[in-house]
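A, B, C, D, E and F label the chains in the order they appear, each numbered from 1.
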Amino acid sequence: MENTLITGLYVSVISMAVTFIALGILIGVMYALLAIFPDKSKQVAGESDESVAMIEEPEVDEKANQELAVAMAVGMALLEHQGAFDAKDPNLGKLLE
Amino acid sequence: MENTLITGLYVSVISMAVTFIALGILIGVMYALLAIFPDKSKQVAGESDESVAMIEEPEVDEKANQELAVAMAVGMALLEHQGAFDAKDPNLGKLLE
Amino acid sequence: MENTLITGLYVSVISMAVTFIALGILIGVMYALLAIFPDKSKQVAGESDESVAMIEEPEVDEKANQELAVAMAVGMALLEHQGAFDAKDPNLGKLLE
Amino acid sequence: MNIDSLLSLFAAPLALTWQKAVMIAIGLVLIYLAIAKDYEPVLLLPIGFGAILANLPLTGITESHGFLGVLFEAGVANELFPLLIFIGIGAMTDFGPLMENPQLALLGAAGQFGIYSTFMLVLLLDKLPFISFSLAEAASIGIIGAIDGPTAIYVGNKLAPHMLGAIAVAAYSYMSLVPIIQPPVMRALTSDTERRVRMPYSQREISKTARVVFPIVVIIVVSLLSPQASPLIATLMLGNLMREAGVVDRLRFAAEGEIANVTTLFLGLAIGGTMKGEEFLQVETLIVMALGLLAFILDTFGGVMFGKLMYRLSGGKVNPLIGAAGISAFPMAARIVQRLGQEYDYDNFLLMHAMGANTAGQLGSVIAGGVFLTIMLGIV
Amino acid sequence: MNIDSLLSLFAAPLALTWQKAVMIAIGLVLIYLAIAKDYEPVLLLPIGFGAILANLPLTGITESHGFLGVLFEAGVANELFPLLIFIGIGAMTDFGPLMENPQLALLGAAGQFGIYSTFMLVLLLDKLPFISFSLAEAASIGIIGAIDGPTAIYVGNKLAPHMLGAIAVAAYSYMSLVPIIQPPVMRALTSDTERRVRMPYSQREISKTARVVFPIVVIIVVSLLSPQASPLIATLMLGNLMREAGVVDRLRFAAEGEIANVTTLFLGLAIGGTMKGEEFLQVETLIVMALGLLAFILDTFGGVMFGKLMYRLSGGKVNPLIGAAGISAFPMAARIVQRLGQEYDYDNFLLMHAMGANTAGQLGSVIAGGVFLTIMLGIV
Amino acid sequence: MNIDSLLSLFAAPLALTWQKAVMIAIGLVLIYLAIAKDYEPVLLLPIGFGAILANLPLTGITESHGFLGVLFEAGVANELFPLLIFIGIGAMTDFGPLMENPQLALLGAAGQFGIYSTFMLVLLLDKLPFISFSLAEAASIGIIGAIDGPTAIYVGNKLAPHMLGAIAVAAYSYMSLVPIIQPPVMRALTSDTERRVRMPYSQREISKTARVVFPIVVIIVVSLLSPQASPLIATLMLGNLMREAGVVDRLRFAAEGEIANVTTLFLGLAIGGTMKGEEFLQVETLIVMALGLLAFILDTFGGVMFGKLMYRLSGGKVNPLIGAAGISAFPMAARIVQRLGQEYDYDNFLLMHAMGANTAGQLGSVIAGGVFLTIMLGIV
């Protein structure tokens, strides 16, 4: 009668233990990976804008690019319409970045 | 014992022959197509920017277009930032809407 | 012999009737929906360009957006090329091509 | 052995019967219409292509493990593809213009007149000697009058799968001919006064809630009235619900985009693959094509005549031309109405009303198809 | 005959049992929650929609050749859909924050406490009269505590396929309630001092090689420890490998995009299609829903208590709140930790650490689910 | 019971035979080559990944209801995936350069020399003691010389499905090695004078009609000559027709995009899944790999030698180097020709002619594969 309870407890304890062991092993794996493959590309910050752009570009996905393009084009059109060009607003550059 | 070798040689020779025949026929097909459907749109080069753009547009695939848009928008934004525009044409805004 | 004709007529009449009934019910449904869920966002027209743009944006689908961006960017590039901007940077046109 | 297998190289040309050759020619014509005439190219090109492949001898391409056979089993035999396409169509459809003028919904019922009248005509033809159509076949031909590809394929596949190719070709070919088929019928049935009726644009705005609730209610009502219509109306309205919900745009764009595109290509190829010369080239197919054309005309007749009835009942406030948009054939039929109206009165803008009737026609096609199928399956 | 088939038009409304009606109402509620409350809409909308369709009478839509039946066979019965979704999830997951603080991985084990405690609770309930759950059913309910939809569906389908609908609904509904369920538990278990602990941001950069090797090693380790977890962890890590590899971006974007979107839609519809009134509306379902909620609470309890243990052992350097992110529910749980932390100390930025615990929770959920399944399949 | 099921936790490591371990290592090498060396990563990464999964013990992932088993049945067993990929390849191929110089087509036939010579070599090896290959196996190894992944997989699966993994790995691995394999062969076979031949650029413009008609005629001609080639050539040319038609761009982009990407991922995984240690690690596999490499060399030999023949016959107007592009391996082989030509004469632009030979090689590979298959199926 109590059989399923005991089986259940047994299953629970083993499962929990194995899960902790597995994640414990993964901790070891991660430390090992960090030790074996240290990051060599200690990036010297602020070297040049282009280099940063080139490095980061693969991270930006296509959609983001498209949205950016839409945003920029729309933004420029609106600004243009409002006569904001002929750059009287010195913040325009920042705004568009 | 030698049977598979002979069969194999037979298969090889026939296959190679048929492949050459097939591509030979395709040569005939291509010459026939060039003769039957000559290119009428003998393009007069450098007539106007618009016509070239129109003709070539179908060739450009979507992604290229998007990248172009991104490139253009970013380029313009950067130029803008540098104060290069200074829009004198008041219709520009409307045109872009 | 005439059996299929009679059956057919019977099927036709019933089908047509049910179709009219169904669409009749949908008319009732639509009037009910309009009554139960009236539009509260009675839009004050012409308030500002931005608000209109924001409201309409969800309707414009992605591709249209991209095409718009392409169109805008290309349009601007062409205008630029034609000297409409009065480019102070003589390389600008080339740059955008 | 050697001579035998050498001969096997000529086996294919020798197996090219005149029926296969004719079907290859038909496939070429369909591709020509698709490319040169822009007749529903996304469907007629794959259908024509599939027809060519199905009739090249000895390729095994339409067998159960062949390329077209696999596509057929994957999505035509079980009607999955037309339903998936419907999700995409629903996602692209705006029922706003219909909800602004609910009474236009009746035009969507009237525009299905061609289904029943064509069905009856086939049953009459069956009485002629040498011509024989079963009740199910007659119904499958009639359903071309739904003027809606996925509905015609769905119903046709349930009732007379052997006629699927002819039905699909008729449905999609004539769809492209709507701008040629409809105007003469519309002119013949209406008076100059009727065609000049202007219809004011309803200023009613539809709330988002109403737009969201509408597709769900439509599914429940239609499914209870006609259970066989449920998969069709449910997929159409699922797409529309995803459109109006606003919170599942990545599903909506997947439905409109990749699901619709991939499925359209596969559906076209697989249907073309059913068009085998020996079965397709029969008098019956010619009759299907002829009656399919008639169904389009009779649909337009039904729509415009009901438009005239509404013109009378409304005291001249409804322009009967918009009835022609009730056949569905979205959005072509609506544009034809707009153009014909402007021909007689340049400042007459019927487009929004025609769009309402047109989306009603989409609903009407699905409902009529489903009801027809429900009753037929009860009888056959 | 005529009267019979006329009556057939009313067959559907007559076959609408109260159970079906209630299920349609439940489907409407799920859609309402999806749209109006933004509760995991990409899943709850299709699930609710599928539930409505499955309970409209006589449509045949869930039968083996019906629309939902075809989708079910194509990707739920064989667990293909949850695995494909995992490829997309892996492609969107950044294990960087976890690799910067590897010891956070233990929180991902602790955050699965709800699985076992809920499982035991069900076995206790089974001892009550009138309530009966098999060991496999108890395990399926417990697995809701993985707080990970694909894992719950994968394990549930293997152990108790008849409960799949209830499990999926519980998993996804409560997932949306995480911002409501977790904070009270987190506040109750922690002291003010504990909640204010600041954790410095590790400046460690992870090399690309380490990032690429990590998913592969995880697969091998986990598969050897728990073979039944292999498909789950392998698909999750395949997505991550494609992300970090950098050379297969078109596969990666396909996994994140079309594969994930199309599969999510189909999975939701097919699971909704399993929720048939006659089977779903039982006391057992209510218990599943109630215990599922409890599993979420017990998971949070496990995570935070283990966080407190780490706080002690580290001499106060670990903020116990981040334990709450160990339950998975990515990335919501991590954001809740950040928000709650800031409530007590505005300048406290726990987000990166919480993200580490959160991705550990994702790993922990999959591993725990797989281990649980491996042991259960050895017993049942 | 308890001890048994505790032991079951160690069942997987205990079941890890040396064959499985070696295969996992091979999978890791393939992934390394894909990521670090950029060797056809979109295929070698999934293949390597599938190989690892297939050799982790007790996961059941390659069984008929396992993840890789389901993918295999869905698209490899019925050859659907390679055909779908061909639609995408066709949509990306421009036959313009070939149509401008039709006679280049013969180089596409000559570039298949490796198929037959390798096939004969295998039959010779079969005469050695301890080595045994059937005619069908020999043909499957020869087909690696098509240097075209989908063709090799399609033909290999029909003739010797148990060798599919080795064939696919050879085909795709060596494809990436083309820049290393070809140049020495090209240099050894040509004289300095031959390598410096300049070929004028044809100013011929190809009309849109000719571009549209070409793929259709190719299908009909090739299918009649070799029915077994029909599915391959038909899918390749369907993609090209959609490209040139201009009216079905949404189908074309679906073919190039989602269809190609999703299918490539699934195909790679499923093929990797066939590489089970116990079957794969045999002397035969080593022979397949060695002969596959030889097939690439012999293909280049065939192409360049025929190029030399054309050089003679044309009175020195044809640069024999472009023959190397006739092996297919699009577009790598064409770029190698251009680079090598420029090495000897910086102002020599052979690229367009090489591209023509290269697309001819694509056609030649498919045709040769299909013809070979047609004749073999008639004999076996």
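As a convention for this text, a contact is a pair of C-beta atoms (placed from the backbone, for glycine too) under 8 Å apart; a residue touches a chain by one contact, two chains touch by 3 or more.
The structure displayed is predicted, hence computed values, not measured ones.
*Asks:* Suppose you hop from chain C to any chain it touches, then on again the same way; how many hops at least until you reach chain F?
*Replies:* Tracing touching chains, the least step count from chain C to chain F comes to 2.
*Asks:* Look at all chain centres (mean of CA atoms) and spot the one farthest from the centre of chain B.
*Replies:* The chain lying farthest from chain B is E.
*Asks:* C-D versus E-F: which has more C-beta pairs touching?
*Replies:* Higher contact count goes to C-D.
*Asks:* Which chain maximises the distance between its CA centroid and that of chain D?
*Replies:* So the chain farthest away from chain D turns out to be A.
*Asks:* Could you please state the distance in Å, as a whole number, between where the Cα atoms of chain C are centred and where those of chain D are centred?
*Replies:* Inter-chain centre distance comes to 22 Å.
*Asks:* Counting in whole Å, what is the centre-to-centre distance of chain B and chain E, each centre being its mean C-alpha position?
*Replies:* Averaging C-alpha atoms per chain gives centres 47 Å apart.
*Asks:* Between chain B and chain C, tell me the centre distance in angstrom, where each centre is the average of that chain's C-alpha atoms.
*Replies:* So the centroids are 32 Å from each other.
*Asks:* Express in whole angstrom the distance between the two chain centres, defined as the mean CA positions of chain B and chain F.
*Replies:* That pair's centroid distance is 24 Å.
*Asks:* Which residues belonging to chain C are in contact with no fewer than two other chains?
*Replies:* Residues 14, 18, 62, 66, 69, 72-73, 76 of chain C touch two or more partner chains.
*Asks:* Taking each residue of chain E in turn, which ones touch at least two of the other chains?
*Replies:* Touching at least two other chains: 5, 9, 225-226, 246, 253, 258, 375, 379.
*Asks:* Of all residues in chain F, which touch chain E in the complex?
*Replies:* Touching chain E: residues 1, 4-5, 8-9, 11-13, 16, 24, 28, 31, 34-35, 38, 41-42, 45-46, 49, 52-53, 56-61, 65-67, 70, 258, 261-262, 264-265, 269 of chain F.
*Asks:* Which stretch or stretches of chain F touch chain D in the complex?
*Replies:* Touch list, chain F to chain D: 78-80, 83, 212, 216, 219-220, 223-228, 230-231, 234-235, 238, 241-242, 245-248, 250-251, 253-255, 258-259, 374-375, 378-379.
*Asks:* Could you please specify the touching residues of chain C with respect to chain D in the complex?
*Replies:* It is residues 1, 4-5, 7-9, 11-16, 18-27, 29-31, 33-34, 36-43, 58, 61-62 of chain C that touch chain D.
*Asks:* Show me the residue ranges of chain E that touch chain A in the complex, using the header's touch definition.
*Replies:* My answer: residues 98-99, 102-103, 105-106, 108-109, 112-113, 115-117, 119-120, 123-124, 126-127, 135, 138-139, 204-207, 209-210, 213-214, 217-218, 221-222, 225-226, 246, 249, 253, 360, 363-364, 367-368, 371-372, 375-376, 379.
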